[in-house]
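Okay, structure first, notes after.
Chain nomenclature is as follows: A, B, C and D, assigned in order of appearance, with residue numbering initiated at 1 for each chain independently.
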Amino acid sequence: MTVDKRITLEEAIERIEPGESIALGLALEHAIPFAAGHELIRQGTDELTLIGPISDILFDQLVGAGLVSNIQAAWVGNVSIGSGYRFREAIEGDELTIENHSNLSIATALEAGRLGLPSMPTRSLLGSDILEEGPFETYCDPVDGEEHVLVPAITPDWAIVHAQRASPAGDVHLWGNVGVTPQAVGAASDVIVTVEEIVDPSVIKSDPSRVAITREQVTAVVECPFGAHPSPLAGYYRRDHGHYISYGQHTKTQGGYDTWVKEWIFDIEDRAAYTERLDTSLEPVSADRAAEVRYGR
Amino acid sequence: MTVDKRITLEEAIERIEPGESIALGLALEHAIPFAAGHELIRQGTDELTLIGPISDILFDQLVGAGLVSNIQAAWVGNVSIGSGYRFREAIEGDELTIENHSNLSIATALEAGRLGLPSMPTRSLLGSDILEEGPFETYCDPVDGEEHVLVPAITPDWAIVHAQRASPAGDVHLWGNVGVTPQAVGAASDVIVTVEEIVDPSVIKSDPSRVAITREQVTAVVECPFGAHPSPLAGYYRRDHGHYISYGQHTKTQGGYDTWVKEWIFDIEDRAAYTERLDTSLEPVSADRAAEVRYGR
Amino acid sequence: MDADQSSATEGTEYTPQELMVAAAAREIYDGDTVFVGMRLPMLAYQLAVSTHAPNALALFESGVIRDDPAGTFIHTMCDLPNQFEAVATTDMLAVMGRLQRGDVDLGFLGTAEIDRFGNLNTTRVGPSDDPIRLPGSGGACDIACLAHETVVLMRHEPRRFVDQVTYVTSPGYPTDGSGADGRPSPGAGPRRLVTSKATFGFDDCGELYLRTVHPGVDPQSIHDDMPWELKTRETVDEEPVGQTAPPTPDELELIRTFDPEGFWTS
Amino acid sequence: MDADQSSATEGTEYTPQELMVAAAAREIYDGDTVFVGMRLPMLAYQLAVSTHAPNALALFESGVIRDDPAGTFIHTMCDLPNQFEAVATTDMLAVMGRLQRGDVDLGFLGTAEIDRFGNLNTTRVGPSDDPIRLPGSGGACDIACLAHETVVLMRHEPRRFVDQVTYVTSPGYPTDGSGADGRPSPGAGPRRLVTSKATFGFDDCGELYLRTVHPGVDPQSIHDDMPWELKTRETVDEEPVGQTAPPTPDELELIRTFDPEGFWTS
């Protein structure tokens, strides 16, 4: 009875047009949709606007591939070592523009989008150059008479989310910290969900309070095990710190990046082949079952 | 190492002073904290302001007891039969004032409180007498140039929530629909949580994404089985429809209410005695365990 | 809201409420995202998703999202059968955000009073020095302002049709006749009024007109109920006023499965 | 952020980073709600909650809330050990709402540059025609604006103390000397600066002053590092500049449990 939204990762990413805006890396360093990002690189979808709070190295990888025209973010780099060298070089060489945000201002912009509002206030940013240089306006609130900042809504063309499991229809179980995932999914026009496992709808429906994204928000569902590597996914795998450090070491120059991207993206057939290359065990320990929950009718 | 916030229902409700404002009935018809409301009636805490979207009959009961001066709500009545007669008589007799809201405007007002904002916009209310008579202002948003409504924040002195289980420190597992619970808890100065079961902290910590309220938001935790009756609680008991119908039939007059309140509140020693009076089985059926979830480190 | 909508129509095999549920269900199209309120709309959604609209999704303001009927009879959207095996049980802003963003195709409204332009009142009626208090908006004002279109359900009584509602709880169309374009809110406004005697549409000026009368109802009696001169379908699209299709036996069987004791429908 | 804070101080039994962690941990009081950022603050919280502040609660902008140390070494606040058996794993607005509401007692900040009034820059440095791009604010601006007080951690290098920061990522106090009252944001502003050589306070005008120097550091060398005439504690409360307490053996043992390979602290 329900629409089956399962397609391949390749098919899902093909729906994204050059020049569109994509929110991703929404749970901060958790559950970053690296597999989807790598498929964007493989397809060469360019002139993109990237949106997110803390992108860790996924934004840097997309910038290194020459696909990014604009970034709206609070922080872009490599959390394990600091700088993202491809991002730095592109910004310093005026190859891309950035709209600097704080985490709260990007969360507020996406929340306004989720709620269908043109803008929303914050008490943050006052006194900063983020405010001075950004798309913000100050106003005097009629209720408390104080100065606040109005953050214009951000409504991405796409949000890409990696999660633990989903039904074929696109109802998604996601656990662990979620950052601005609810805001970005609510604000986006279309949503691609990659998951470790596509499961029978009865699994999802057994726990409707665990559902973070529902079918009418979702354009495509892709089964993609290990799709967040090297970022961690609660219940599935730990963070691969060495991968971040190695990426940083190898991408200080564009030539280094070109070698890296060939080895880790272009020369790799699919995500399964990618996974086989990893030589470290990332399986979580102490992964006991969470306390029981029942509903009933 | 953590502060133990367990006290009795009597002690918890004693902390609420006459004249204070209380948000309750936040999950709409689900998980209404009736036991806490009945203790307010027992203690006679008066001059209260009640805040909530859809109160079902709990607001009517507090009004009937003469404890309420003001209501900020979207709907006050008896969902099974329509009118709440004690509320109607009090309003028609000018014994209490009401600030009429819509569900979205009360949610927005509490969300502004949760986010520490003086006000938040909505696209609702335009063209209604809720807007004309209420505390709202219209403004032209600088981003889209359209007219919107600014909803002043509501920051209740207290929020009272009934949930399935909590740790002694006040970390709370709540599932099923939650209405404006996150907003009201976030907006309130103090929070009282009544729960079916107080459990070992390890139970709560086994599933941190299930935690809806955390200890630093909570003033008191009360173990109070069946504390939401006659409203339903996911996993614990179904709604007792007959109780609502019977309450409506018996409280068309103040005399009828006085008899009802004596029988169901003043003449009842405690919640256990209340429960013993019920002659219907409300145990949920098909209450299978929800699909498994693991975290790990 | 009133409690006693229980006067079964003699001589037919269905009640007026059952007909209203069937007519309301037909307003739900397959694939619609529907904002479902209490009482008859809960039954209308359950009927639609069980028949012609298997992909209709129901949003409830409590935070419940469903794709199928609750397994057993429900008084409220928060009853455990409506939460059980739901698509999601979340919070109000999660669903109201979708409403405000413009993602809801259809919403349902009830009312105590309606004017010529579909403005609704569920807050207070009667003279200002002796008002009768009703429960209030709940989510009705939000649905009226923000859903793409709405369907209004109302028991048919002459006193409920008024020149001016005592209180505009849920805005319809402007009383200056400017129609959907004149609305200050983003939603397009009411599509239908379904009463216990007839169904109505709204023309380009936002004015109510008679579309169909229920089986056995004299069209003239509808005109007689109105304090203004009622337009009919003939003035809008030159089609005659038709007869409302009664519920089919299958529809009736389903409605009686959802409301086995006729709590809402008898 | 820089990657190479790894120059261990010869001849002592702890690194400058370990001392910074210990000094930062002492700024957390028992019962505090602390907004914890990346790197050294993660270690400072873990140390404080394991010693003198067992009831300190940590909020992380990712949505994690903890009441105890992560069980094993973490690079980021989202590493599974930091989510495992957390008090809650929720979303950013749930924790940032508490920050904006005024519920956070203390926040930590890092910086590449600092001026005399505690204004911080993590966005870009260098001349405007040849800037060097840094990662940006993350949550730093929010913490600077909204936490009740903040503690700033910075590697001690003369070039980082500047008359005017290139870009105000995280506002400190107004440069007109009006102090906390002159701040447009609700938070009271920075309480401390902890560097790899010394600790500093801020006086009523919001101006930085030297409080303590770390063991083995010549106070004059701190003055020499500054492009302005540095105030000292003597001018503020007539107390002499003291010596920073080194980490105790117990503190060191804990820090090395949290960072066993010295990834952040060597």
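Keep this in mind: a contact is a pair of C-beta atoms (placed from the backbone, for glycine too) under 8 Å apart; a residue touches a chain by one contact, two chains touch by 3 or more.
Source: prediction; values computed, not measured.
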Partner chains shared by subunit A and subunit D (touch criterion as defined above): B
Pair of chains joined by more contacts [C-beta pairs], A-C or B-C: B-C
Label of the chain whose CA centroid is most distant from the centroid of subunit B: D
Chain centre separation (subunit B, subunit C; CA means) in Å: 28
Interchain centroid distance [CA atoms averaged], subunit A/subunit B, Å: 36
Subunit B and subunit D, separation of their C-alpha mean positions in angstrom: 40
Subunit D: positions in contact with at least two other chains: 64, 71, 80, 83-84, 89-90, 93, 96, 99-100, 146, 186
Sequence positions of subunit A contacting 2 or more other chains: 116-117, 122-123, 175-176, 178, 182, 204, 206, 209, 234, 238, 284, 286, 295-297
Chain pairs in mutual contact under the definition given at the outset: A-B, A-C, A-D, B-C, B-D
For the subunit A and subunit B complex, residues of the former touching the latter: 116-123, 137, 139, 141-144, 146, 148, 150, 152-153, 173, 175-176, 178, 199, 203-204, 206-207, 209-210, 234-235, 238, 283-297
Interfacial residue positions of subunit B with respect to subunit D in the complex: 1-3, 113-117, 169, 171, 182, 186, 202, 204-206, 208-209, 211, 214-216, 295-297
Subunit C partner contacts - residues on subunit B that touch it in the complex: 27-30, 53-54, 56, 73-77, 79-84, 87-88, 91-92, 100-105, 107, 111, 122-130, 147, 175-183, 231-232, 234, 238-239, 241, 244, 248, 284, 286
Subunit A partner contacts - residues on subunit D that touch it in the complex: 1-3, 38, 60-64, 71, 75-80, 83-84, 89-93, 96, 99-100, 123, 130-142, 144-146, 167-171, 174, 183-186
Residue numbers on subunit C that touch subunit A, as the complex places them: 33, 54-55, 57, 64-65, 67, 70-72, 80-81, 83-90, 93-94, 96-103, 146
